[in-house]
Amino acid sequence: MPKTIVQEFTKGLWEELPPFRLVLGLCPVLGVTTTMENGLGMGIATTFVLFGSNLLVSLLRNIIPQKVRIACFIIIIASFVTIVELLMQAYAYPLYLKLGVFIPLIVVNCIVLGRAEAFAYKNKLSYSMADGLGIGIGFTLSLGALGAVRELLGNGSVTIWGDTSYNLMSVFPSFQPFEFMVQAPGAFVCLGLMLCVINAVGD
Amino acid sequence: MIKRSFFGLVKPKLQYEIIDEAPAEPISISASKQILLLIDQFPDSAGNDLFKTGDEVRRGQKIAMADDAPAYLLSSQSGQISKISEFVGMLGKKYMAVTIDVKPDAKRDVKSDAVRAVDESFKKACQAPSLDNAAKYLAGLPGKPDFSVFSDPEKPVKAIVVCGVDNDLLTTTNQYVVKNNIIAIKTGIDLICKISGISHAIMVVPQHLEQVAGSSGAIVKTVDSEYPSAHPELIVQHILASDDGKSMSESGIAFFSAEAVSAIGAAYNTGIPPLEKIVTVITKDGNKRLVSAPIGTPLQDILSEFNETLNEGDRVVFGGPMTGTSVFSTDYPVLPDTDTIIIQDKSQITERDDIACINCGECVRVCPANIQINQLIRFLEAGQYEEAADQWDLFSCIECGFCSYVCESRIPIFQHIKLAKHTLESMKAAEEINA
Amino acid sequence: MGYFELFISCIFVNNILLAQFLGNCPFLGTSKKMETAVGMAMAVIFVTVMAGTITWIIYTFILVNYDLVYLRTIAFIVVIASLVQFVEMFLKKSIPALYAGLGIFLPLITTNCAVMGVCVLNIDKEFTFLDSLAASLFYAIGFGLALILFAGLRERILLARVPKPLQDTSIALITAGMISLAFFAFQGMV
Amino acid sequence: MNEMVKMVVVLTVLASVAGGVLAAVNQGTAIQIEAQQLQFVKGPAINKLLEGASNNPIDDRFKITAGETERSFFVGKFDGKPNKIAFEEFGKGYGGDLGVMVAFDIESDKLAGAAVTVHSETPGLGANAKEKPDLVSQFEGLPVTDSVNVTKDGGRINAISGATITSRAVTQAVTKAMNVYQDIKPQLQQEIQKFGK
Amino acid sequence: MHSTLKLTVSHAPFWHNGSSISSKSRNILLAGLLAVIPGCLQYGIAAVGVVTLSIASAIIWELVINFISRRPVSVGDGNAALIGMMFAMMLPATTPWWAVVTGTFFAVVIGKEIFGGIGANPFNPAVLAMTIVMVSWGYLFDFNAALLNYQFDFNAVYPLVLSKSFGASAVDSFALTDLLMGKQIGGIGSTFGIGLILGGVYLMLRGYIRWEISISFLAGVFAAAMGFNFFNPELYAGPGFHLLTGYTLIGAFFLATEDSSSPVNFIPMLAYGLLGGVLTVLIRNTGVHIDGVLYAILIINLVNPIIDKIRPKALGKGV
């Protein structure tokens, strides 16, 4: 059954919510979600690339020859990544420093290439844009949520754009930050448990 | 019940039962009303026309679906067939159950024609011994001699092994036979050697029977008394020192129990098939006693002899404690290979459990076949039988049951193994039929 | 840093997978069976060493000299993608046996953060050519080691009675976290 | 053949367009990126060292090339006079190069302070050179002709315990900066005059 | 075949040696008490509180997870209680209640139950939980600070901190007999050497733990410490010190021997223990961690599936 544009958009928010449903693009998910802000920043950068590359791939899908399609996708994606990289350096330098190597790595993020290959190359422009945006926003929300959980437990508070917006210690005065959560192992464990919850809810 | 030894540091050891210097004569039990013959093969649609309900049968008469059927029994009593039915045993194996009402008047000394006919055909077979005749008439004797190995063109038999040892704990049948019937054994061995064209046999006995066994004319080898060193595969590996490491089936070795060889010898000497099975019976209180009962005698008759009453939840095991089969009815009969009957009270039974393997490794340390049971069992529980066979040596198992005996999680490992082997084998058979 | 320290650092202390979070998709995707894991490990080692050195040469001698540093990302990914393609073709023609072993893994490597990550890290850390060569090799070995150890555990977990919602990826992630925790053992050893 | 041509053409065009677009974006963002780098990488150190200056030291910067290298210098005006100057030097730390912003008081020829800019030292050990003032505060007020060394090397700077290598890197950077300062002081004074008004 | 009597029908073998998970747990708990009771005498009621809370909360977590996952209640096998006690044995007596409860959650739920319960855990649950709480609240497990308010008649400095910061000469004042008698600070159940050794020997003799692992672990510690000490006696303490301080003894007898995460074959068991012992000393002497036992055990747990592939050939599978 063909989907409407709205469905193509909303599927990224639950049915195919990355990285939980599409278990791809895990590196940034694990690597940058020590805080909510980083998670959201990474998500927005990825969304930009996803949206841009989906748009361009879909536009050019009749021109790009089948045999060199992956090479073309890669050039398109890499260009968008470089643009994000430069823009971030110019306008959000501290975030750029925190996200570090993960920004250039959007280029190999399995989700981005996967979408270009599996969706944008086969679908018309509007659908591809909806798809890119939906998946991107889903990804951003997931990263934000994971970042929020890890930061809240690991730091005791969530800071966003410079303001502490929620402080656990105001509710539990003697809460001691559960640092494990912001360390490398905590990333895996926290993502695994969130995936479990989503699986349980999904059933 | 044997307990885990206090010092678990040492590997658990189980000793075979060793028979006394002068064992008591077996108690003779006769079937009171009925005997039940379980024949390894159930007639499919073809049916059988050799006998039917209501037929009179004589002691020694062959009950088989067809004249040349490999599976048959010799009736151990005279009487009338009252029922023929299907019987389903372990792993769905089908048997033909033939119930014979024993006729008290059908005495052997009433030399009717029918009796003579039965006796003559058997006698003739004995006078002109050949592999063919043996397979046709002797396979129903106590000890269940198996002649089919001789007919496998792929694996020519290179050795004949007579087991004067018993293959499970508590069992003493073969030892008893070696001690008492060594002359008949010698006759039997000579006969088998003659018909198979193999120059000599090897006799395997426990140490204490080495001398007695010497007079059988066979080459005598001894095994130690620690379970499961008398398992045929281990005899091949360790005693026969087949250092090329090939498994028994590959080298083509014919195993006979001492009881079977003795019965063959007696049959040859007298022309009358012996049909009394020697069985070790262990009662609830742990008493062990040898009995001699006609093949087909129902369990009930044996219980009555010992004044044992069974209650709900008790268990009766045909065969030894490690490898036997538990039965669900007191009608179950003594079969040609029933060496032991164990009657267990409900309180003596250890419940099996559904806990997963805890990886304690007890099983791995006791397994005589060096199988990684802790891994194997995970695949078996998950139903991944092929992986179990390919990676974890399922088919190396010699079926001693030691692993289940020590398992801390009380997993029925042995049962899993048998089920897996059975499933794989029937899959393979099905594939061959399709191919 | 001597090569021994680099060795310890790249494989254990700063393991590319467990400490730097690069290459997780193949880590989870190819660890269900030991055989697959070993194949992937070999393929990654092979490609990473080649990619690490080639991108270093391109960066140092072309991009830096012509002031094109901003093209780093695009240049690297093109190099890696073509390299993988090339290796695939080469193996198919000349060493079919190896191709049969590694072939299916090669395309996966194009989108493997670990390979790209190592190339970028070599530049970020201002390694010399030899350092880059060694670091690429060691990082890739670290990847392979983690992958193989993980496969060992995962083969067992696949047979365990894991509750339904946790099965597969969820429990694999949690186990990976524990491996990452175990690797804390090496902290401070260089 | 036709397809082959198409492949090559598409790829070439795509690559050229991408290259062009990226070059343009790069051009467009270059200045902004530099400003951001100054603000976020060197900014905190500069602001700390030249705290209370009446001007914005990052805007009031100039470059001098001495020998091979070009350096940026940041001027701080105090009491209306451009009398403090800061610039960055590097030392070899435990985890790679370590940058130290060093400030000088032009009038007294004394160190006005030092602050770590970039480093890749171990958190809790070497990273304390940036996070805690214990090490860098020891430099304030030393004459530029002094030699600065950690106690282990016979100097009088107390190293961060457990991070001697980091501490050495800092003193190394400061020493380099002191030498540079002495070498080019005349040029510096010339440049600074421009801000004097 | 019409008899109505219901006999038990089951599968061979019809004997069992009577071993069970619960009796094993019971015995290990008993053996552990030999070290826990002196610990409680030394640290008083607070230690008793930590131990009971740890055991109780471990059992409760297991009940909770049994309930959530709708599986049969499994606390009867004693494993949860055992995990609770092992965890408590490593803790300082001053551990706050929430750290104990969080720790047992990670041990029982994350360390064991989500993998499918007993026998499925790839890592020792108690060790895993201990490292997680240590990573999170390192200051709670700094024994020097944690036990500051106790008055002891011996040198109340955590011996491993001394050796790490000041080298081997700083620990000369610890007589080995004192260390053996528990005259050192540390976890509730990890300082009383004699108790741990007696408990360990008991378990080894009974076959509840595999002597190969314990002995080779200790041998590994001994050999590695000896090597370091030979290399630089000023800096690195000798083998006796390493054997009797920190978590070495509890690690060798109670932690490394956990069934599910350790090998079952002879050579792998030796390799496993030896590697654990060597890593322990390596981490203590060259890593950032004060004690290396916990991380060494996690690492050997990790390599266990690989090394346990070294196994004798199965019957009939060639020589």
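As written, the chains take the letters A, B, C, D and E, and residue 1 is the first residue of each chain.
Please note the rule applied: a residue touches a chain if its C-beta (ideal position, glycine included) is under 8 Å from a C-beta of that chain, and two chains touch if they have at least 3 such contacts.
Source: prediction; values computed, not measured.
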item: Count of contact steps on the shortest path from chain B to chain C; value: 1
item: Reference chain B; chain at largest CA-centroid distance; value: D
item: More contacts between chains, A-E or C-D; value: A-E
item: For chain B paired with chain E, centre-to-centre distance based on mean C-alpha positions, whole Å; value: 48
item: Between chain C and chain A, distance of the C-alpha-averaged centres to the nearest whole Å; value: 21
item: Interchain centroid distance [CA atoms averaged], chain B/chain D, Å; value: 90
item: Chain A-chain D separation of Cα centroids, rounded to whole Å; value: 34
item: For chain A, residues contacting two or more additional chains; value: 71, 75, 78-79, 82, 86, 185, 189, 196
item: Multi-partner residues of chain B (at least 2 other chains); value: 356
item: Multi-chain contact residues (two or more partners), chain E; value: 110, 114, 116-117, 119-120, 132, 135
item: Listing of all chain pairs that touch each other, if any do; value: A-C, A-D, A-E, B-C, B-E, C-D, C-E
item: Complex contacts: residues of chain E adjacent to chain C; value: 69, 110, 114-117, 119-120, 122-123, 128, 131-132, 135, 279, 282-283, 286-289, 292, 295-296, 298-299, 301-306
item: Chain C to chain D touching residues, read off their complex; value: 70-71, 74, 125-126, 188
item: Chain C - residues contacting chain E, complex; value: 148-149, 152-153, 155-157, 160-163, 166, 171, 174-175, 178-179, 181-189
item: Contacting residues of chain B [partner chain C, same complex]; value: 356, 378-379, 381-382, 384
item: Chain D-touching residues of chain A, taken from the complex the two chains share; value: 60, 63-65, 67-68, 71-72, 75-76, 78-79, 82-83, 86-87, 89-91, 93-94, 97
